[in-house]
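As structure tokens, the structure follows; a few thoughts come after it.
Here the chain labels run A, B, C and D in written order, and each chain numbers its own residues starting at 1.
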Amino acid sequence: MVGGGDGAFIGAIHQRAAALDGDWRLVAGAFSTDAERSRRSGERLGLSPDRVYPTFDALIAQESALPADERIDAIAIVTPNHLHAPMAIAGLNAGFHVFCEKPMAMSLAEAETIAAAATASGRHFGLAFTYSGYPLVEEARLRIARGDLGAIRLVQVEYLQGWLSLPIDTDGNKQAEWRTDPARAGLGGCLGDIGTHAFQLAEHVSGLRVETVSADLATHVAGRRLDDDVGAMLRFDNGARGLLKATQIAAGEENGLRLRIHGEHGGLEWAQMEPNTLILRWLDRPAEIVRAGGPGLDAATSALLRTPSGHPEGYIEAFANLYRAFAAAIRGESDAAAFPGVPDGLRTMAFIEAVIFNAQSDQKWTRVGSGEYE
Amino acid sequence: MVGGGDGAFIGAIHQRAAALDGDWRLVAGAFSTDAERSRRSGERLGLSPDRVYPTFDALIAQESALPADERIDAIAIVTPNHLHAPMAIAGLNAGFHVFCEKPMAMSLAEAETIAAAATASGRHFGLAFTYSGYPLVEEARLRIARGDLGAIRLVQVEYLQGWLSLPIDTDGNKQAEWRTDPARAGLGGCLGDIGTHAFQLAEHVSGLRVETVSADLATHVAGRRLDDDVGAMLRFDNGARGLLKATQIAAGEENGLRLRIHGEHGGLEWAQMEPNTLILRWLDRPAEIVRAGGPGLDAATSALLRTPSGHPEGYIEAFANLYRAFAAAIRGESDAAAFPGVPDGLRTMAFIEAVIFNAQSDQKWTRVGSGEYE
Amino acid sequence: MVGGGDGAFIGAIHQRAAALDGDWRLVAGAFSTDAERSRRSGERLGLSPDRVYPTFDALIAQESALPADERIDAIAIVTPNHLHAPMAIAGLNAGFHVFCEKPMAMSLAEAETIAAAATASGRHFGLAFTYSGYPLVEEARLRIARGDLGAIRLVQVEYLQGWLSLPIDTDGNKQAEWRTDPARAGLGGCLGDIGTHAFQLAEHVSGLRVETVSADLATHVAGRRLDDDVGAMLRFDNGARGLLKATQIAAGEENGLRLRIHGEHGGLEWAQMEPNTLILRWLDRPAEIVRAGGPGLDAATSALLRTPSGHPEGYIEAFANLYRAFAAAIRGESDAAAFPGVPDGLRTMAFIEAVIFNAQSDQKWTRVGSGEYE
Amino acid sequence: MVGGGDGAFIGAIHQRAAALDGDWRLVAGAFSTDAERSRRSGERLGLSPDRVYPTFDALIAQESALPADERIDAIAIVTPNHLHAPMAIAGLNAGFHVFCEKPMAMSLAEAETIAAAATASGRHFGLAFTYSGYPLVEEARLRIARGDLGAIRLVQVEYLQGWLSLPIDTDGNKQAEWRTDPARAGLGGCLGDIGTHAFQLAEHVSGLRVETVSADLATHVAGRRLDDDVGAMLRFDNGARGLLKATQIAAGEENGLRLRIHGEHGGLEWAQMEPNTLILRWLDRPAEIVRAGGPGLDAATSALLRTPSGHPEGYIEAFANLYRAFAAAIRGESDAAAFPGVPDGLRTMAFIEAVIFNAQSDQKWTRVGSGEYE
């Protein structure tokens, strides 16, 4: 992994996501331009010190020198945008697969150089357009692809955030700082950071291509060097019309990515903040609520699920919190969070017995745990 | 790990949850009473063959024989209920920490023998009352503990499932089969399987203890040997009144665990199917929507989060789907799912440039990707 | 009308509801035990002074003395509970139809005397179990009656209010005062006031009868003379199980009447605070959202609607607010609320023309109202 | 009233809305260009035959001839758009106040002639921009006017309908027919019919003025003569940016009018299909749910409410359904809908007594209505 040192937000997400299915193991990294910070991050991650590199070049050079069965298979690039192209190209040329954060590069021209390197190297290049990974986004795409909605007429996509409502980019917020710096973010601010997600999702799910755009960019926060608010009208290749809204100054909004697509027969709606639900509306019958794990899903969608019906993905994290607290307790950490244990077990068993005794008796009120029913 | 062989649902959840933070690594297991199935499961999980055991006893015996720094630290028991006590006690006595599925045991008396073993061994015993692990459940608990709602008057908890609406327990559904078998599930059916979750959540969050209960148990599906529907009135130790509803025959329901608690000044509501939201209602001001990652959270709650504001826990899984597809492509699997890559990257860069050109020009409609604006 | 003088809440609702379809006209009344207040109320309502009576007895006596084609057809009783029986019986005996607030009377025995009077008089007796009047409550009833859900197994009804969380009944709140006074409210407090609504709705929609009940009554506010919190387990005549919760001390709750009924094949959910939506959940297919005015409604339900699809009932009130402001302006009232008029009309016409001009031109930004496009 | 004869949708809404508060009484009308249909409509509405006119001109002429205290005060114009101007001008010139459906006229120029007539006549002219009448729309306007959100940066308004998804305008649907006929609807189709509502609401609530617009009009249904889909980017006079979407071909949508406005400190959201809720989101604290009748409302908002907290406006209609059924029963109509009466009254009283007996006894299950507890 390149980037993602302690404190970085998206790096930790990549690490957990890669670990979730056991397909990947993090074995090497150059986590920061600060060699010492890189070392500490690697240590915290339990990596062997000799594979925690002070620079990206060192990583490429030394990993390439390892025997094929020992060296890394792929590189995850989670740095600011200006490093995507040079690192991706170097990584591909060195024979590694590359999984890269979006946007792809600083400009279309630069992105095309990555494309060329990927082709030449015969290596895989992945981009973290994460929202394509939600099971019900795939369900939406499949429904449209098989014609359930008929010919598509409308595509509305919006991505509302509020975290840049104040000038935090000049108040030392690292995340905000590089995202509003043309030298590190590229041509677009909000446009590149989340406008690209909205656009990719709209084309990915609709299966259509935007032919022309009419747009309005704004920078609402004084002194900000890149756009923080995007509005655009879209015309798709089949004649469908669209609206795209992406903003980072919608004060009070969290991560409001929402897609609505309407065709001749009906429409669908998916919202990232409730990702396990897909609403289908119909011209001639009641709307349907399609749920992750529920009836009516395409097999390809079900293959993307890890939890049973009604258990939001997030259930795994809840579970993980218990495992984490349990480990902390075992390590004897003084600030270990509480976790359910013996007392909870005894109480719930007492409850089971009290309920059964009461339900089978004429006794109206039965004491829980008193044993009078044993 | 004991149990959780291929096909088991909760086993895979435990494995992923334990892996999420890097605190745990699965190194040994007796995954099935079928030695061959256990072997296959271990192989799929990438375990060393000599630590995949045919039986639980073999696991205890051989792991105990390993040097302290090589043997397992803890055992996760994800078997049907009747095995919890013997295995937990054996594990504790052998000096291992134990993390066990709920309910704790077949009866209160049996649970007390586990409690005794835990005390005697000085080892930790954890129970998978997963819902306690949700960040906003902790927020709810803290709010009540610090008196935000005033004295608690009402506690309503419900857990609605519909998956046992039909007699699938006699149609070869393994999950349903053992849960409705008194010999393996214990005294309670629905009561033990999800009623215990509802009860534990109610006491855990309210900080109160149920003193007496008046209950009604029903078995709606003919031939079923345990209850599939529970209703109960609760009286808490502070005089608060409560209702508990747990059912597995509410046809059409998924995993509807919902907790509502009201005090003198206001009430709160949390629903497992939208776990990142906590509603607080007040007598004298508008209701508030407390969100994972949003403003107003207690520091202890924030410590339980892994994703930024507005990214449902589940975002990690969406991310993991991309990593999984990426790995499958690299392994050259013919059925590898698609993942965003070069084409998505180029399209989105073209979009960025088209928007910027259009927004800065008087041109009304600008072609995306035509290059006419370069 | 009897009762419902100025300041009374339910009286004004009856008056507006009766006026809505033109079936009824309010022509006479005894609006208050305070003759002067009764007079003022009648005056405000534009009644002829000679038909505004100081007492109920005067109303009965003098209306009965009028020619058949002049006298009132029916009496609406909107007084506290203790007056329902004497007034209803007197009204029926005098040959008038009676429409009465709930609960019917102070006790079952008293209610039976009304029933006898209704039978003897051959007059109609209506009770304001208002929630039966919602179109989607009728849809729910019809769906169950025609077997869509299969045999009913579960009935959950709850009615949560918070307005009696504080001892306002002893602080001069008239509404609270009589509702908590056994002499005027009857045997039940919360039980009679809203528990009856919940119970009637549950039996009405399910088509089942509650055979036995196991209940818990509480009075959480010190000094209150009647219950303010009800919990009950229900057993229905077909074996279905139910829970009923009615409370007026759920701080922060408004008027949370919610009904959920599950059968063999699926379940339905209706909530009074979003009365135009009925959720149907199914064992074998996605849940459906049935909407007032939307596809799939029974003709009998549609007959109960006054607004087109997507216009909540409430749209009429929004409309009425404009008419009210318009009338106030015409009357030259200084505090007349604003209403849309000429300026709104001109602005919107200018907008239409600007949009059309812009959409048909290559001009990117067109000024609204400048006339440059004319 | 002009227009609104039997079968017309908006006419009946006007009639009910005007009747709701007793400020207005419908006494005269020219309900249809078909004199016989006009007569029948007047008869059904219980009007005196001599004030049901065959033509609008006859209405003006004969009402003007009546003594001042007998003639109508105001005229409600609920005809297709092309008649608004001639009728409004004639009505104003004849000295009547005019309440007119939107859009104001066929063109801005024509609207200006109405404006001139209103000024010259000194009469009031009201326009049915109904959504301004919702209590929580007023609350939203007031919150912004008093600066709660800080300077406004974003205004997003959308109005999604699906009823014109099919070519019903050529299949004899009267509503669709005139709305898509340039000769009767004017310059805009969807734009004039609902785009104007969206635009008026956006300016009304934000208190801002749209300075320039960049728009896209589409006609998705072949053969339709006017637009059925509108998209527009807006720039407001204070620099705020906006998006407006209005469409009548979003298959499956009902009447999805939704307004979202964001300022420096937070944002608000109101949706017409849940009109009693206003969501306020904040940069620095949890979002709030402001409810009709709930705490925190401005007095001016409360003055617009007719129902108590938690009773959706629509509660009045539910009530009215009971009154209507009661009247039909009294009239002896064979198809009179059922309404709650004696049986419901007796059952609920029996329930009250059973609950009280059970709650006060040790009896676990008490029969409802058996009298065993008396």
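Worth a mention:
The definition used in the following text is that a contact is a pair of C-beta atoms (placed from the backbone, for glycine too) under 8 Å apart; a residue touches a chain by one contact, two chains touch by 3 or more.
Everything quoted here is computed from the prediction, not taken from an experiment.
Touch-path distance (fewest steps) from subunit B to subunit C is 1. Chain centres here are C-alpha means, and the one lying farthest from subunit D is B.
The geometric centre of subunit A is 42 Å away from that of subunit D, both derived from CA atoms.
In this assembly, the C-alpha centroid of subunit B lies 47 Å from the C-alpha centroid of subunit D. Between the CA-based centres of subunit C and subunit D the separation comes to 20 Å, rounded to the whole angstrom. Counting partner chains per residue, subunit A has residues 214-216, 232, 235, 253, 280, 282-283, 287, 291, 294, 364 touching two or more of them. Only residues 149-150, 153-154, 156, 158, 162, 165-166, 214-216, 218, 220, 229, 231-233, 235, 239, 241-243, 245, 247, 249-253, 262-267, 280-283, 287, 361-364 of subunit B touch subunit C when the two sit together in their complex.
In the complex of the two chains, the subunit D residues touching subunit B come out as 214, 279-280, 282-291, 294-296, 364.
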